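Next, two complexes with subunit A in common: one pairs it with subunit B, the other with subunit C.
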Partner chain A sequence: MDTQRRKFLKIAGVTALAGIGAPALVRLSSSTALASEHGAPPAAEHAAAAAHGAPVETAPQGVRLGMVIDMRRITEQPELLDNAIAACNAAHNIPQFDNRKSEVKWIWKAPFANVFPGESSYHLAKSVEKTDFAVLCNHCDDPPCVRACPTQATFKVKENGIVAMDYHRCIGCRFCMAACPYGARSFNWEDPRPYIKKYNKDFPSRMRGVVEKCNFCGERLALGQEPACVEACQGTGAIVFGDLNDAQSEIRQVLDKEFTIQRNASLGTKPSVFYIV
Partner chain B sequence: MIEKTLKGKPAYWIWLAFLGMLMAVGAACYARQFLFGLGMTGMSRDVSWGLYISQFTFLVGVAAGGVMLVLPYYIHDFKAFGKITILGEFLAIAAIAMCLLFIMADLGQPLRALNVVLHPTPSSMLFYDMIVLNGYLFLNILCGWVILTAERKGVHPPKWIYFFVYLSIPFAVSIHTVTAMLYCGLPGRHFWLSAIIAPRFLASAFAAGPALIIIASLILKRVAGFDAGKEAMNKLVTIIMYAALLNTFFVLLEVFVGYYSNIPGHKHSIEYLFFGLEHHGHVYDNLVPFMWTSVVLNFGALGLFAWPYARKKNEFLLGLSCVMIFLALWIDKGLGFVFAGFVPNPLDEITEYIPTANELGITIGIWATGFFILTLLYKIAIGVEHEMEQ
Partner chain C sequence: MYNKGTIIPGLIIFVLFVTFPIWFNGLKAGDLPKPELPPGGEKKCVMPVEYMRANHMQLLNDWRDNVLRDDNRAVVEIEGKKYRKGLQMACMQCHSNKEKFCDNCHTYAAVNPYCWDCHLTPKEAASKEETH
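Moving on to the complex of A and B:
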């Protein structure tokens, strides 16, 4: 199971890279040779096409990455979520401000009532009431932030459904922040660099005046690694990550078996993050 | 015609110097913000738009309001507006200039502003806003200038200009409609997610713009010997009254929908604006005094407008009621509408927004810039007017 998932993540990563168009790392795909498993054209072709700016034709069943957060596990071991948040903060050079006004957060904790304001929290199960939920970008299939962005600085990666950011194109108009119904986006109100505790050279820090948010660890997927938060909870099943469109994936097996809820699904954004309460 | 701006009474120069001083303060404040980032403002992760965008929204309305002179004059041949239509067109230019400055002041990366043009994105309402705002600015500069030049030469304006004059009418409507669409198409922001936002914006615009024109005309009558004429003023008051009544009606409809449906999302922002929102034992009511001031000014002004003596015989009361309605609409749209949309945030948390001194400095600086441009343009218009009378 685990090796199968790793193989998949490699594909996801390569396709993510194809979107970014980094030719040096395309080698990864030739050694994977799994790209045709889904009946999709070899990833190298994807990459070549993307590098030339030509539109990549998507297979009818494209990859759509998603996440299931099993709150039962996190209720049992609340430190799992702390670890996941710490891993994300460290991986992405997220600044730690001491005031709420300037906060930058990719994944964070909030009570059920705040994460699901549309759901009733009247006589909520005590265990749910006491546990903090994980909050992050939902990587919507129909993201309002992408619709609102006037420069395509935030966009949906065709190959895997990740809602990504181009920090160098963002003009800082914050239209996406107003558009996001999940409060998932942060703005760099000032230079974040002095507030980064330990600098991770493998991921760029941001400059002031741009918006940022969770990127489902696109950069780690490209290296065949799991997202930082998923890795931090490894072996517990607290966070399951994978392709929602692949019937054989672990995430699909979890979704087929468990009852899950999504945040504010009534808005039609089709969130890709699911919660088992 | 630009030479007209170079000659004036001492009061003219003092006024310009005063505005210039405020502009300098604004520029200094902006330099600080440019070097530090938007953290210099009171905006936050939760209230991510503040005074800049709210002023922008309000001023788009002021600019669109100019059409209330253009439309009767050019479409219905309402001759009494002949003298002041140019004031409407020039007001639109100054207002759009302020709008663009406010947008620039609000950008986190202002040097990348051209990305909007370099990477055009038809799915974004900001893309259309850029097109219609710049289009409307261009149309008003073109029409105002060509018609004024013709007037100065004592000839009829060239026929082709009327194409642009007529085009400017749908453009005026579109600038405020598209600005409303920036807000009313966002899922999850219940206060904004209402089909009545665009009509409401237009109604308040058609009151605020003409109100400012009446105020300007009354001032120009005293300082520049420019008389807009009784008939024109009376007609403008009628327009303001109906527009303000419509706006009030639309706002009350929002209140009804919120409270009668009793859906928390629809109710919370209105509650926050007018009564304060209780949340975990704390009442958040920053905007309550402003909103009630707006209500009192709004109904007070409507009462004064309805009184024939104040409307027709007493210029002080007429000016006062116009100042009142302008302020009422400025609070309603230039403060409350934008700020309340962010309360509560999508995670049902409340962060209140209080602008910083630096932010106020920039805001005042941009308003001063707008009035500086407006003064120069009106000086030209009235200079030409006087030249014709001689």
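Moving on to the complex of A and C:
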């Protein structure tokens, strides 16, 4: 009995020592190996990053599509906005519901105070107060909806900066609707088909249970056409569409000349839709 | 073997029961589906027939990703006729009858693709072209 207990204690002791010592031994050997392989560079990299304070941000490049909405023109001719909305509804098979709860909207009307809640509407010009503003998805450069989407059903198209939807992947969780600060997304509470007035045979409808929004007419751009709302206001300059990163584009000429505001710019979403009030 | 009298008849009953769907239909799998060829007489699809038969769903998924995600909406040209990538814009241009073309095989194979929840069949699209 005695000898067995002594043997047991010995084995237990050695095992415990080995258990405690092994990690230290592994760390020692691996760190020496790393140091001999890489030498100084990692430390230098860290120092460089620390000196800048943050990883270096690359300058914005490539096409970034945007829009300028000249509200002065729409105030003069309010029917322009009606035409633009009708053109969008027809192009994208958007259902028209009577009850506001089920409403699906890609481009719609809203009063100044709702569109720019951050701006004071105290003693607002009468013309602005009475006019309905055109509101649509801002196609933000840093879109909160894309970050919220758990299935990557909504994403930024690298080639043109459009915040697009893949309805095949949408699971209808509506996180994007909660994340969007502009209310630009609508949920299909009901089957939309019976409420679509006229079908555009080149575009699908949506189904019950998916979120939808403006797509900057990606399908029309591919055919070399302008977005439906821009086309509806053609010749009036009410809506100008183009590449924000191209200094020669029409939209940049307008932006360089006119004072424009963006919706809730302080949020840092970098909207691509600008307003001339 | 113990309980031979129960086990062997039991096995026979079991095998008969499991193979019921096979022998009940007279060892036939029903008439093979014959999807309707394009009524317009088009002979050439975007890919060879064998490939389309086996992999059309893969092609549709690729097109979907090309169009929606990769901003690659390049047109497909077949014998001088141009098609835009898309179920409604390419496939249904020739195979204009969804019931006689798509459903024919899908019903036989008991698959239920959800394409038509959103995409419009030519018939459906035409149903609301004039009204309102």
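In the analysis below, the second predicted complex is superposed on the first by the 217 of 277 C-alpha atoms of A that agree within 3 Å, B and C clash if a C-alpha of one lies under 4 Å from a C-alpha of the other, contacts with A are read in each partner's own complex, and residues count from 1 in each chain.
Note that in this section a residue touches a chain if its C-beta (ideal position, glycine included) is under 8 Å from a C-beta of that chain, and two chains touch if they have at least 3 such contacts.
Fair warning: this is a prediction, and the values are worked out from it, not measured in the lab.
Asks: Check whether A:Val157 is in contact with subunit B, with subunit C, with both or with neither, and answer first, second, both or neither.
Replies: A:Val157 contacts subunit C only, not subunit B.
Asks: Per the contact definition in the header, classify A:Ala222: touching subunit B only (first), subunit C only (second), both, or neither.
Replies: A:Ala222: touches subunit C, not subunit B.
Asks: Go through the superposed model and pick first if A:Pro117 touches only subunit B, second if only subunit C, both, or neither.
Replies: After superposing on A, A:Pro117 lies in contact with subunit B but is clear of subunit C.
Asks: Compare subunit B and subunit C by how many residues of subunit A each one touches, and report the one with more.
Replies: B
Asks: Give the list of subunit A residues in touch with subunit C in this complex.
Replies: 93, 155, 157-160, 164-168, 196-199, 201-207, 218-219, 222
Asks: For a test of understanding, state which residues of subunit C touch subunit A in their complex under the given definition.
Replies: 64, 68-71, 73, 84, 86, 88-89, 114, 117-120, 122, 124-129, 131-132
Asks: Spell out the residues on subunit B that touch subunit A in their complex, using ranges where they run on.
Replies: 36-39, 41-46, 48-49, 103, 106-110, 112-113, 115-116, 118-119, 121, 123-127, 130, 182-183, 186-189, 341-342, 344-349, 351
Asks: Residues of subunit A touching subunit B in their complex?
Replies: Per the stated touch rule, the residues are 100-104, 110, 113-115, 117, 135, 144, 146-153, 169-175, 177-183, 186-191, 208-211, 264, 267-269.
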